[in-house]
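Pasting the structures here.
Below, chain A partners chain B and then partners chain C, in two separate complexes.
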Partner chain A sequence: MGTPEISRRTFVKLSAAFAAGAGLSLGLGTDLLNLMKIGAAEAKELSQQLAGVLKKYTACAMCPAECALEMWIKDDRVFKIYGNASCPFNDGTACAKGAAGQQLIYSPDRLKHPMIRVGERGEGKFKRVSWEEAIDFVAQKLTKIKSEFGAESIIMDAGDVTDRDQYYRLFFAYGSPNCTEHGSICDTPRRHGPKLMLGGKRIEPDIMRPVLVRQKNGSLQYDKQYRTKLIIFHGWNPFVATRITYEGRGTVAAKVENGCKIIVVDPAHTNTAAKADMWLPIRPSTSPDFFAAMLRYILENDDPTRFDRRYIDWGFKKFSLGWEEFEASFKSWWNKSDPINNLPYFSLEWAENRTGLPKEQIAEVAHLFGITKPAALVWGMQSPGHNYNGYVASILGTALNIITGNFDVPGGAIDTEITKASKGGNATGKHFKNKKVKRTIDGKEIEGEVERLHMDAYGDWPAGWDEVVGDFPRRFLEGVTINYGPFKGHKYSIKAFFIRTGNPIITGSATYRWKEALTAKEKNGEYKVPLVVNIDSLYLETGMYADVILPEASYAERMSLSDIYPPHALLFLRDAVIKPLHECKNPTDIMNMLAKRLADLGDKDLKASDFWEKYKSEEDFVDEMLAGSPGMFNIGEPLPYPNFPEGYKITGTPESLEAGKVNINHEKKEVKGELLTVKWLRAHKGVAVWPMSWNRYRRFDKEKLEYVPNKTWPPTGSKMIEFSFKRYEQYNKLIEASGIIPIGLKQLGWERYPQSFYWFETKWNPYTNPEYAKYAKDFPFQIICGRVHHAMSGTQLVPWLAETPAEGTFMPMNNAFEYEIGDADGKGQIQPKRNKFKANSWCVGTMAMNASDATKMGVKTGDQVMVENPLGKKTTTKVFVTEGIRPGTVKMGFGTGGRFTPGMGGTYAQRNYTPNHNELVDPDNLSPIMGMPTYADMIVKITKV
Partner chain B sequence: MGLDVVEAVLKFRVDAYNILRHLYLFGPRRHIIDELLHLFDRIDIANASPDLVTSFKLLEPLKGLESARYEETIERLQYEFSRLFIGPGSPPVPLYESRYRSPDSLLMQETAIAIRLNYLSSGLVSGGASHIPEDHLAVELEYVYYLAGETLKDFQKNDTQTMKDNLEEQRNFLQGRLDWIAEIAERVVANSEDSIITGIVTFTRGIIEEDVEWLRTYIESASASQPAAAMVTRSSSDTGAQQDGEIH
Partner chain C sequence: MARYGMVIDVRKCLGCMSCAVSCKMENSIAFGVFRAWVNVAERGDYPQVRRHFLPRLCNHCQNPPCTWVCPVKATFYNKADGRVVINRDRCIGCGYCIEACPYASRFASPTVHTADKCDFCGHLLAIGEKPACVRNCLGQCRIFGDLDDPNSEPSILLAENPVQVIRPELGTLPKVYYIGADILTQAQGRWE
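On to the complex of A and B.
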């Protein structure tokens, strides 16, 4: 028996002691940590399965459109992404962003582990910690903050993608009413008119096809017919920048199949304008002016006796309240003279002067809109959504759709907020806000519901509905004073900011103000906001200012429901198609971990029965979200369910409703089928579709033999269309009880929210507001901004998309740079190497400028310029010279430049010469009704660098 | 020299890979660094490879630090470790093999899938508390740790055939997979001035390279001396072969 000869290669020192006792005696654990032993048979089976492909159905989150996807999974890895053909929302399509999802899911730049800051905020210095350490760190701080300052001192901002309900639930239960999401600082003025008048938010053209429709023979069939004949996209660019993705393909289909005409009103010649029959390059920040002129023209020229002047469908009056007052208020301006041009308000001449468009064109658009039916007028996120006076435009736009008979008719204008399926239900935890709490104010103990502590709704912005919390950075610096309700006089500071999947430092108000707020310190050297927690899959700029980073599962690794805007009830699942990578956790697990740790530390508001015992898995949580779905009413034509009573609320799976497996409660007017569940959705390719109907505000009265309001829908207070702004009444009551005029109303010189049509000017527009006329000479450019198709943070860092140009504001105009990628080495092997990207091969944020302006300035494409606003704030950018923008206007993309986080991959390399539009936003110019930053109101001067 | 020498080396391997997998999974925590320093006591530095000598020189000063200074150094190391290997953002030295071998520099690509077959061949799947991709350095080291442990058991059970298979799998895996440790070490040198981190990765590279060579020599020697069946056979007489001092 021999012994192998090993003496030549033994590096181990072997004393007797070492030889005898060494080995396996370490203080470290010996169990496997990442690998797990399985049986031989199972291992063999798994080895064989490695060749198999699974198709799983889920929803995208590469942008907020959240299209339904079919992901091909091989070896527990996503390797192909297609649209889900079973879902009519995107009807099997997937855009470049959706198809590039693997590059985000498997990005090496993702957040992977919990981390705690070790440097100063903004330095980006963190150390890795365990989940237990991170959760304990956060829970200890939250416990202290709640004890010393009250739970309301916490803001939970759930950011720009969905799947936020778990975080809302956690913090509502904790005791803070201040939970919000990106929508609050996105486009609230755009949504204001539909909310006031319809109880909705988003008016879109009826061009999602197919739609499931009840047939006369009782069957359900997909209707593929496009009926729309005219769409006016005003500051709306659905081909690149909307979550309503069906509008891109629907617009083309309506043109081709129905001869639909498209009018685009936009300072920039967008991709949508490229498909239009008419492009009107309007002066920025004049949307209300354009709509007001349209309405005046229609009212002045409507003639029911002439087929070519029959603009108004007066039938709308039967289904609405307050038109006479609205009309009178609107007309009261007609005889007033505008100080900026001495012309009567809303006249064509007035509008020509202010919008910079020929009055004949304005008249033509108004005429076409009045005479063409069905039609839809749609307005956009940037303008008027980001104007100080965008509310006026959205009110006028809503009115125009209603009076011309286009609201909720086939091919017309649908408010998709109030037609989509409801979801969330009790899972969101809003009921926790009803809990009574006590606060001592001026020595008196006051009791009231948690929701009455809301920093905006009971603070400075009583009309900040839908959990709008827009006045962020100022709150961090100045604190909150409650002005309304039982807690009037209560003051509190913001002591913790949770930001999840959002990046307000780049996209919310001015970047410099955010930095100031998050780094401001007390005299004792502590940060004014002592806890900032970032929950995300990506490492964005706001994360650099966090104390704790909690890595969240990517959209392919977590479960929820898509948050979409179809014209009828439709839901689809975001399924966890692969396991969370790295140490990432899904929102349900994060919620439960934090809730449990808080409870362990003595917080009695966090109960096992509300969290970790109630939701043992994501599926438990999503099942509860689905319990009330679709929550639609059995209304409209054709009636979705003719076998059930008209007007009743419908819940249950499409299958059970169709089979009549329901319980009908006549007292509550409810029809309940079998509960929709994750299991049901998975068995149906992730999608549930219920029938579409139109004219959902009316019913046919068989006795009167005419249509009458059904008093069920739209979901306003009166269940009628409201031209009288009854929604404002509740806020006026608060003002009356308190005696405090909200700061926004004070700016307007108002004491109450108006009951009908109102008008006020925007800010930072020298051409419409006399207060700013003095800036016109020195700051000759108006700056606009728009979302670029794939220039969101999560898509900019995807190399496939970074090399795809978009609309002049995201162009291959980079300086030469090096960035590491894998590349072939010539021997068939892929090796990592620092790849040298040539100049003009990688898309970067740019600024589009009209060719005539560029010529005057001696600037050409690629030249670097400095852009400065009257506040002295600057950003630098390369210029993209184009004929496709109105002279005197420049345009940048949102969040496309100045990206200073290393988490942005190759885009980080471009940070020093690309523009950050938000550096130019006036952080003190908040829109006066709801307090949102007014990104679209600014003027600049430009100098060549 | 006898079979106890072999057993000692096999035990050393188990301990070394156990420390390394913990180190790259959890970062430079104090108790892990302590164990790493203890491990040097068992290395014949005078006859070790240049990498092991270098790492010894870089890490040895830690031993002399008084407690507070040691804690401070560990805290600094944790940050530097995060900056280099974890992020957030784009760390200069990512610890995923796919990052270095895939065309798109993405994670979870063919490399990670191929490694699954290695793991499955030993009856293992990814199944820890987290779902770190299988081609993370810590997971690959854990795989070697597992096989090293199994080899030790085989040795102690005289199961020579299984031991042979295990050793060959380890040699192939270390040579064909974990060779990217060289890239890691070079990147750390290029991206960090921290002598301790440099010492850690140099040590990792040194151990793997020494181990590959030891495995090669041992397998060849065993095959030559035991062409029939058993690579290693223990008998009571061998236990007396243990000797003081170093083995050459």
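On to the complex of A and C.
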């Protein structure tokens, strides 16, 4: 067949078919005139492909960035996945993982129906049961546990953070305060400084473009201009690790379009380093050292009279509290000598000795950061987020951004946690935690709120405000003791562990410790944690240790909201674009089913009016989540809504606010427009965007004719920037009242949380901690781990992603194998197919090692080695030899290897020769303030196998 | 009439492989073969090392050697739009074109059993959409459009920047241009 040109008429016909099926406007109208000429074969194919296609707008959930997506649906199947161009967060783009969604949704390895365990935990032997049977099984156990041990004996771990609210609501109402998600095994030390000082969580460069900004003429326009001049990414790899999507796009665009300089400080030459102007291969676990030297250099060399030494913008003092004490406390170290090197703390020489970087380079970075504005200093998950003393680095990093005048300025450093839209509202059911309950302690009846029974906040981790998942195994074995508050002295055991979409066996500190805790038995032969329930779309390792498995709808089959990382209020809908596959159910249905069954069994805490009558559909639930959105303040410059009073809290659809259809409550300082709903979002391509502003901590005082703190934001106790750690006071009060020192503080030899700058050494670093120096000879390598975006715990079953190598830690270095995968059939569908995979065709977890180290050891790329830590724990891996890592450092991916669940698809076939980094983590070395596992602090010896 | 081409601003490539997977998603490409991919190369010694990315696809050459060897004239340069395309109904799967392409851009499709390669997502162009790899590109480094239109995005980039093509000495006249790819245009294959 030749290629006869298709007539205009045929075009109109096939496009009309496309549009007619759409249900939503496809915006094709005038495009028809622009159609290029295609051959008849293509035209036929096209008309077949596109007939009946629906375009739907939704949000990803394959990683926490949750990008806005446009999915094309045909016959209730996901047919195409693109970025949603209406959402400025990802600006129409989609990463490899997002684009590969079909292979996750239609994976043959998904959980398909409820199951109840028949073998021992870990054996993976289950029988298929009905939903009614599974829910009844769980509800019966929960009823018994509550009456015998109290509701607090149950943990609901909603794993990957997305779409968790239904489960929180259910268990808060049931009476347990112990609901959590993966945050505490993510990066809590990294978040610490911003939380203490700004009420925030994570500082990111202001490089999300476009941003919607109020113009001088009153209109709203998208601003595409990049203003950032320097970004320092310290242990932060946005291109490959957790992907705050705009950060990759914004980094390269700021560089090309605005001449922004990029500095990457990381032991490994990451893909982010590949685009940097400077790569500083720092010694692992020395982030606080680097930041402390930067701050000392800046304080010592700042000179307001010299344009090339004007590092500090002293204006920050007006908007902050406690700088003098902080500075004095920081400087008090300067004359002390560090026992590891006999050098004065925080000096360049000291930092050179500890970080392994030339002192000139450290000085240069400090100078550049001081002199270049706007700039952003950003630190990451991997380090300091995974270091024992990462808290110190995040406090110093936050201080550095503030004192150099970069906080919340255009092109500077923004804490996205406190600028994003609010969502969740009453749907989460936090108010249930205020319910009063009675417990008998030492024969005395005590009454208090459910909240006061929290296993961490009132147990061993009063400052563990994101909960302490890394310490769950110990509590599974030893039980919980309440040390603080009214229930002091109350002890309880953990009797049920609900794990939903998380996989702590592989990710929640040492794998062996989790296995031990979940399989430990009482003398009577019963498991110590008698009920483990796994709710997930996928069959991950933790599922193998569950008693009941409930199959949850995948992210394409359930509804919720996305909002995590934008620098201003922006919300997008995750829509249920297809019906749940197999026997899967969405979180709202699972919540209602379980609540109803519990009520049927006599539980008075679960009421129809709070659950199944209140939320008849997912949409009802999400509408309630949206009710307080965006919950932003009318602050900053340019003022988002010049027609509304400055400093008021704003809720309502962008449309109604723009039209002035609002109620203004001057008493409460609130402006309320029309409530944002799922319906509104669906009519607006799933996205709601409110205006961005900067300098949100200040307002212009027209009498004084100067900027003053607006006392509205940032959301600290004082509504000012705090260099004094007032947040700790509440925990110190608890300690004061109870007299019990938390375990983390005891490790540090402290009695209270400090009020200002503090310093302590990391463990397992022989080059900075004298107590560990003795290990350096026998364990000559420091091991670090980094997330590989496409190879996270729950996505490695996707065959397309097994074709996307990254950074020497996820490489096509498999042994030959045969496996049935879900593969593209050439017709747009994913079909099960038994494939023979050649060696080196499938990406597997590997370990990156410097070429000079490899030469010394006589290993080459592809060689199998054994990696062992001083605790005698081992894992095996193939080596990838590279020049792109610091000598003496090796790097593995996080959760990339040793995957022993058959639910991992083809990756399961690689389990025996790929590394599980978490076999090497020291489970007893939790970071002392928030109990984060110290994934990046370990040393190893390596032997060729 | 149009003359479609692409400018890839390598300075903006994140090495994320979205193009490779987006293409597979769009065109239902089975495991092991690629219409779009990214070459990765490491150059230099520690610590003066640099990882380089070179996004790849069919160059849609204006002088395409693959078309010269096709015994049944199934693959040809489409003068109407400047794409090198394959008529699958004619292709007999002999593999000559796969051998003849100096850029390793063609492969034997394991699902449709003909020669296969990038066609700039012709089916998307027909409804006014851009190719999937362009649309989803995380760094927005793939810029697609009509090179005959002086106001198209790629034409403007071509006018304003020094550009490279891969192996220009072959005289194939690629229509995929690179900005900032100087040292990688000799790279072959997928991974180094």
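The rule is simple: the second predicted complex is superposed on the first by the 872 of 945 C-alpha atoms of A that agree within 3 Å, B and C clash if a C-alpha of one lies under 4 Å from a C-alpha of the other, contacts with A are read in each partner's own complex, and residues count from 1 in each chain.
Criterion: a contact is a pair of C-beta atoms (placed from the backbone, for glycine too) under 8 Å apart; a residue touches a chain by one contact, two chains touch by 3 or more.
No experiment lies behind these values; they were computed from the predicted model shown.
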For A:Pro799, select first, second, both or neither according to whether it touches chain B, chain C, the two together, or no partner.
-> both
Identify the partner contact of A:Ser107: answer first if only chain B is touched, second if only chain C is, both if each is, neither if none is.
-> first
Which holds for A:Ser609: it touches chain B only (first), chain C only (second), both, or neither?
-> neither
Look at A:Leu50 in the shared chain and tell me whether it touches chain B only, chain C only, both, or neither; answer first, second, both or neither.
-> both
Could you look at A:Asn663 and tell me whether it touches chain B, chain C, both or neither (first, second, both, neither)?
-> neither
Could you look at A:Lys255 and tell me whether it touches chain B, chain C, both or neither (first, second, both, neither)?
-> second
Classify the contacts of A:Thr882 with the two partner chains as first (chain B alone), second (chain C alone), both, or neither.
-> second
Is A:Ala851 in contact with chain B, with chain C, with both, or with neither (first, second, both, neither)?
-> second
Going through chain A, the residues touched by chain B and also by chain C turn out to be 1-3, 5, 11, 15, 18, 28, 32, 34-39, 43, 46, 50, 102, 799, 821, 823-824, 829
Residue positions on chain A within touch of chain C in the complex are 1-3, 5, 11, 15, 18, 28, 31-32, 34-39, 41-43, 45-46, 49-50, 80-83, 91-100, 102, 239-240, 245, 248-249, 252-253, 255-256, 269, 271, 273-275, 279, 281, 789-790, 799-807, 812, 821, 823-829, 833, 835, 837, 841, 850-852, 882-887
Okay, in this complex, where on chain B does chain A touch?
-> 1-12, 14-15, 18-19, 21-22, 25-27, 31-32, 34-35, 41-45, 47-49, 52, 75, 78-79, 81-83, 86-90, 94, 96, 98-109, 112-113, 116-117, 119-121, 123-134, 136, 138-139, 142-143, 146, 149, 152, 183, 210, 213-214, 216-218, 221-222, 224-226, 231-233, 235, 238, 241-248
What part of chain C is in contact with chain A in the complex they form?
-> 2, 9, 11-18, 20-22, 24-26, 28-32, 34, 40, 42, 44-47, 49-53, 78, 80-81, 85, 87-90, 109, 111-112, 122-123, 125-128, 132, 135-141, 191
Chain A - residues contacting chain B, complex = 1-16, 18-20, 22-30, 32-40, 43-44, 46-47, 50, 74-75, 77, 102-103, 105-109, 111-113, 115, 118-119, 124-128, 130, 539, 543, 549, 579-584, 799, 820-824, 829-832, 901-905, 908
